[in-house]
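Shown next, in structure tokens, is the structure this report addresses.
For clarity, chains are labelled A, B, C and D in written order, and residue numbers in each chain start from 1.
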Amino acid sequence: MSTAFDHLPHLRYAGPDATGPFALRHYDANRVVLGRTMADWLRPSVAYWHSFVGTGADPFGAPTMDRPWFGAADGMEGARMKAGAAFAFMERLGLPFFCFHDRDVAPEGATLRESNANLDRMLEVVQTHMARTGIALLWGTANLFSHPRYMAGAATNPDPEVFAFAAGQVKHVLEATHRLGGANYVLWGGREGYDTLLNTDLAREDAQLGRFLNLVVEHKHRIGFKGTILIEPKPMEPTKHQYDRDVATVYGFLARHGLAKEVKVNIEANHATLAGHSFEHEIATAGALGILGSLDMNRGDPQNGWDTDQFPNNAQDLSLAMLEVVRAGGLGTGGINFDAKIRRQSIDAEDLMHAHAGGLDCCARALLIAERIVQDGTLDRLRAERYAGWDSATGRAILEGRMGLDALAAHAEAGGAGPMPRSGRQEALENLAARFA
Amino acid sequence: MSTAFDHLPHLRYAGPDATGPFALRHYDANRVVLGRTMADWLRPSVAYWHSFVGTGADPFGAPTMDRPWFGAADGMEGARMKAGAAFAFMERLGLPFFCFHDRDVAPEGATLRESNANLDRMLEVVQTHMARTGIALLWGTANLFSHPRYMAGAATNPDPEVFAFAAGQVKHVLEATHRLGGANYVLWGGREGYDTLLNTDLAREDAQLGRFLNLVVEHKHRIGFKGTILIEPKPMEPTKHQYDRDVATVYGFLARHGLAKEVKVNIEANHATLAGHSFEHEIATAGALGILGSLDMNRGDPQNGWDTDQFPNNAQDLSLAMLEVVRAGGLGTGGINFDAKIRRQSIDAEDLMHAHAGGLDCCARALLIAERIVQDGTLDRLRAERYAGWDSATGRAILEGRMGLDALAAHAEAGGAGPMPRSGRQEALENLAARFA
Amino acid sequence: MSTAFDHLPHLRYAGPDATGPFALRHYDANRVVLGRTMADWLRPSVAYWHSFVGTGADPFGAPTMDRPWFGAADGMEGARMKAGAAFAFMERLGLPFFCFHDRDVAPEGATLRESNANLDRMLEVVQTHMARTGIALLWGTANLFSHPRYMAGAATNPDPEVFAFAAGQVKHVLEATHRLGGANYVLWGGREGYDTLLNTDLAREDAQLGRFLNLVVEHKHRIGFKGTILIEPKPMEPTKHQYDRDVATVYGFLARHGLAKEVKVNIEANHATLAGHSFEHEIATAGALGILGSLDMNRGDPQNGWDTDQFPNNAQDLSLAMLEVVRAGGLGTGGINFDAKIRRQSIDAEDLMHAHAGGLDCCARALLIAERIVQDGTLDRLRAERYAGWDSATGRAILEGRMGLDALAAHAEAGGAGPMPRSGRQEALENLAARFA
Amino acid sequence: MSTAFDHLPHLRYAGPDATGPFALRHYDANRVVLGRTMADWLRPSVAYWHSFVGTGADPFGAPTMDRPWFGAADGMEGARMKAGAAFAFMERLGLPFFCFHDRDVAPEGATLRESNANLDRMLEVVQTHMARTGIALLWGTANLFSHPRYMAGAATNPDPEVFAFAAGQVKHVLEATHRLGGANYVLWGGREGYDTLLNTDLAREDAQLGRFLNLVVEHKHRIGFKGTILIEPKPMEPTKHQYDRDVATVYGFLARHGLAKEVKVNIEANHATLAGHSFEHEIATAGALGILGSLDMNRGDPQNGWDTDQFPNNAQDLSLAMLEVVRAGGLGTGGINFDAKIRRQSIDAEDLMHAHAGGLDCCARALLIAERIVQDGTLDRLRAERYAGWDSATGRAILEGRMGLDALAAHAEAGGAGPMPRSGRQEALENLAARFA
């Protein structure tokens, strides 16, 4: 039995002109877009942590939100109340997926064994809710950053006993994710990095992190988990520097440790911002490298240098990201997880629903813009024409390695002044993309 | 015959208490530091472009500097005057190396053949100056970013004819570098990136760039050039996004194209800043990955978001970078190139000398701080102790792959509450490092 | 006679569903929006410098654009060709205004007197074009930043002779602006700042800058110019630090020098970005302080730390800025000047027209979104309700100074635990604003 | 009776060559520097909050530090234990001052009256410790940001009841500060700003904030408090935008509300960094505007966009800030408060002492560098010479308003080509400043 959210309505698609506060104007799950339903493209998911664990506290202030389970007499009782409320809320949203860390769902115990037992008991509760509601697990993950034991990292901790503890925790959550039918398993290395180079040995920590990820991949195959293993890049925060900085950095790490075919990335918009990238850049890069896995959907504040994790609300901005998802052929086993939190002043239950409704509509609208761009075809045609020379005999000879530097130099010298530059047409292309927004 | 700098004195080491404006207080070329001379550690170099080509112009203002060769009647005459003045200046500095782009030394001609001929004629002049002064070439490079033909990239241009032109240009400069006894050859991909994703195909451009670099490496071996091929990372500017963003990104690129053993990096301080990294981070990362090649020495302005290329002047800051160089065993064929320019208001010839004297002393002082840190040994000892557990039986078993996730989980479960955290001692280590500054 | 742009069509409003590349889909000059025409709200203007003086050069590359007047035999001949082409282009755009610096229109001469004479001769040409086309002057300004004499500032130069030169130049351009019927006069202090505090006396330079602005205001009144004097804030670039950092800083400067009722601000979007502000923040701040004057319309790149001056293309983003313009009652004598430049690769004449068409439509669309928000009324109603307590007796007593700290403390102590917090409803308001986009 | 820090030694000055971990190498309280003792220049202070309230928690992790009072049975008992430990620690440091928020010292009660009573009881305890140790109060302040009632601001809250509550709290702490002989009273408006403009009325909130500050100043005079009222600027965090952004913005606010002679600024290094300024810029600006009050000493991380509040450790960097303090004639009633916290991994009691010892030595060393620069005199002489023209007849005539734009224009026209630019000598000045470091 839950209480916090029972009075809230169910979100319903009501068409673009609807004016009600909880009307979905763009997200119509079964609408077919470029050959798939919207729900299939987006596979939207609720983040258990922000929505049901978050309190509104920040580094300068106490909790502002009041949820019944915050005052529960004991941790397991609170966990049960929270799970009930969470699924009540998610039913009202109507989204097909959720995501969780082990510590969101069940309290840490005094020992690893006790923590695992707590989690197992709660997962039975969660499974019952899943069965009842039909809500599935997009991904599970282990929280390897909140407990003080992880203050200097989990896999990259200078103490191998912490590595072992983390290994035990990940094994348990990976198996739990498998048991619940999770579609992916995520690793975010929030403390895998450093606060100062003065006490840090980069080569050692890289070897440790590579070993750890190999262990996870080996175990995945051993237990027959068919989901995707995902790394979530972030450049910093809470550490000064996090090793999994961005998509290109993670690619290099995977290549170095023989995992480029085994592991993909879960890209978060706000993490891209913090790394100095646009969201669409990170998605396009992952697409080009063949490691696009899943998306953590949110937005940062362009004027603030920390992870604000706001819900997205500018569909035109997001349409460029959705266009890259479409170009990459979709997210496969991945989805769009709303790793976003309501503001500290948004203390009403309704605020949580407004936030998800707005975020969902924003994604849907962005997808529809991408659809129009793709269906129109001009943008892709102009891009292809720009590179047409590479499909010529010379272009192919170069790329296929049939022309060395000597041959190319002779070719160029014969060409005299060299080729004339052509317009990049940036403003025309921007106008074109804006036209469909 | 030169004129601009003939009145300047020669820099001389005069000891830490010297007060003259052109006295070197810390750079004493033959002083032995940790087993090598200062000159051997630093291998300092003058950048031909900033010092002899720069005019003081900026995006909002006209040239402010007046050098005799700016007014030369023709390009080749100006190039000869410039070379004379450059070597006159460099002799007065007393540094062992210089670096150049082809277009710094000789004017672009109407065709590739003419440009190459211009360069060859000027390199004879330069060789004479080198022979006379004993100043050697740290590295050469081709300017693949200033001419309009390269506005959409060189290797990553959508037109393969531009690729061919760039290949011809690089072939010529690589061979010239070889002929001049250059110690390295550098590629900075200033336009290898994009201004908008809307007209860009990342996968195509990655393939092109990989092909290009492989061509350069193949040619290097063919002609017997023993120097190192170096990529210089930068995240942006002039492009919105440059592919060779930072050391980790370049590593991933090299791994993907089979070049991680063939190519190293030339790390610039200001480029690290623009990429959101400390200089020491980039050096330590390259050291850990085995691709540390050379350094472009300068500093950015912490409040400005573009490449200000100022001369370094804070030895304590720089000591952390020098410590990483020392830990990596030095720079090999690389050196420290002052890729720094005097401010637009520094219009006197003396300013250029002040700048180099200050930068050189700053590097020397940073090296001496690093020496004291290393000789004291406490910092390295504390760091090693921090990781001591990894040298234990458990630690080795993990890293050598003898414990899987199951074994580790069993080990951790037997450990109960898990290990106690230990202090990271950051402030104590910072004090220690500051003590030697 | 012009040539560069004669083949371009005239922009025409063609309705939201039009697909032609030069069709305006949203800017319909005479459409009435909230009681005024679109043209009256926006008063759109072309920037002479970017559009007709810009070459495509950047700090790393040569000009890419080819305009007939770049190759003119002498400066005055080029200026005449440029003016012809500029008005031909502006006629095709159909915008009511343009803006210029003195040096955009006529070449600098060997002396101030000669420069002034050059300008006067060219302004006759410009006046003829203005009369013929009906295009009016939104504002004029003097270029006090490009010439080397201004490298250390104009009004804030350490040499009073430079101050005097700048005063002479501004006097001439202010009078010229008056003669041409300009609606405003702008001062952007591009070099009024410092590169290093080490050679800078902030108090002296503040006194100089205050004196200079007072001189301009006195002269304005003396000659009977009825337009508005505007300062354009920018935080940095080309200087390390510019004194007119942002709207709040300029307000403090005006208050200190007795000019808060005399001078307003010309706010540029990209300058706001560089200063760490949203565009709407700067406009709202100026509105609240009563100094909102005019807008320089463009956008920066969120990942690049310099003034990229791109054309705006996200109407939802811009709608929040337009909403603040509407709330402030409009721009008065000001307008929206497209201080934006086409990318270096946009080398075709068409690109310049695409850019303006897209920018214009973006502004129009943003205004229409603001209109819908205002007409709906919910957003303003909720905001007013939030502050309703301040219209109560207690609220008024506080603001009118009738309750001191003692009375307030007694009031609060009587209130016990104090007031309950209420939701800030941020997500609901964001959804509401997004609904109208 | 305290426990946490009793085993720590007392810091002692031991000379620059001392090697002990707790030896002060530069801070020698009674050493005379430019006519005052070091202690008089620096007036160093411990921040009660970071050092005795901080737990090591961050937004992603639980507390890591274990202090006996964290586990106290009730709030007042914990407060007493904390006060005992705090003064035991501060005695060992040997610094003359401390600073506190009301909520650091005593727990919040259920009502304002109860909170005030808690504070009064604890201040008796604190006064006893102060009398015993001789440690004085640099400044007090009220925490108007942690409690949920302040989530939408204190003075700028949309609810006047919150304003009244804040007024009651400030009255109490201002009077307490007076009672304890505090030298200053500080206001940091951590929540005086906004999270979204959509629900914010800037003009209203400015009026509220101006009223509030006037109330504080009136009350100060009423009760005879002779200390200085200080505003502490910060641009953001926890809010998206904080009104007291930087020194220049605060100046404008003070001017607008008639308080520019009544209130000064407490400048924090890390807040300057977040605002896009160097620390020395903010100090020099406050000095030039006559509102330099006090310093919050710390440093940010150049790569992280939030308030990291680290202890300073680069004396050369800091010497430029100390030089501006010296130029401004010192800090008056202000001092240098170490508003800095040890890292989350620094969990040993020793770490807190290392941090303060290093910070103190860094400040002392920076002061000594500034002393050498001032005693040498070259830097100030060159700066004065640069502006010498302004002391000429023309310069004085301009500044004294005896030359209008007409006269200046005539003067400039008579000058022909205008003045020749002179070198700004930046690199030479940087070398000079570095020489003394």
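Quick note on the criterion: contacts are C-beta pairs under 8 Å (C-beta built on N, C-alpha and C of every residue); 3 or more make two chains touch, one makes a residue touch a chain.
Quick caveat: nothing in here was measured; it's all calculated off a predicted structure.
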Both-way neighbours, i.e. chains that touch subunit B and touch subunit A: C, D
Pair of chains joined by more contacts [C-beta pairs], A-D or A-C: A-C
Whole-Å gap between the CA centroids of subunit C and subunit D: 35
Inter-chain centre distance, subunit A versus subunit D - centres from mean C-alpha coordinates, in Å: 40
Contacts with 2+ other chains: residues of subunit A: 64, 148, 151-152, 195-196, 236, 241, 276-278, 303, 343, 345, 347, 421-422, 424-426, 430, 433
Complex contacts: residues of subunit B adjacent to subunit A: 110-113, 116, 148-149, 151-152, 158-165, 167-172, 195-204, 206-208, 211, 214-216, 218-219, 235-236, 241, 245-246, 248-249, 251-253, 255-256, 275-278, 280-281, 284-285, 287-289, 320, 324, 379, 382-383, 386-387, 389-390, 392, 394-395, 398-399, 401, 403-406, 408-413, 415-422, 424-426, 429-430, 433
Subunit D residues touching subunit A - in the complex, by the definition given at the top: 56, 58-64, 145-148, 150-152, 190-191, 195-196, 236-238, 240-241, 274, 301, 303-308, 343-345, 347
Of all residues in subunit C, those that touch subunit A in their complex: 19, 21, 25, 64, 273, 276-278, 302-303, 311, 313-317, 342-343, 345-348, 350-351, 354-355, 357-358, 361-362, 421-428, 430-431, 433-435, 437
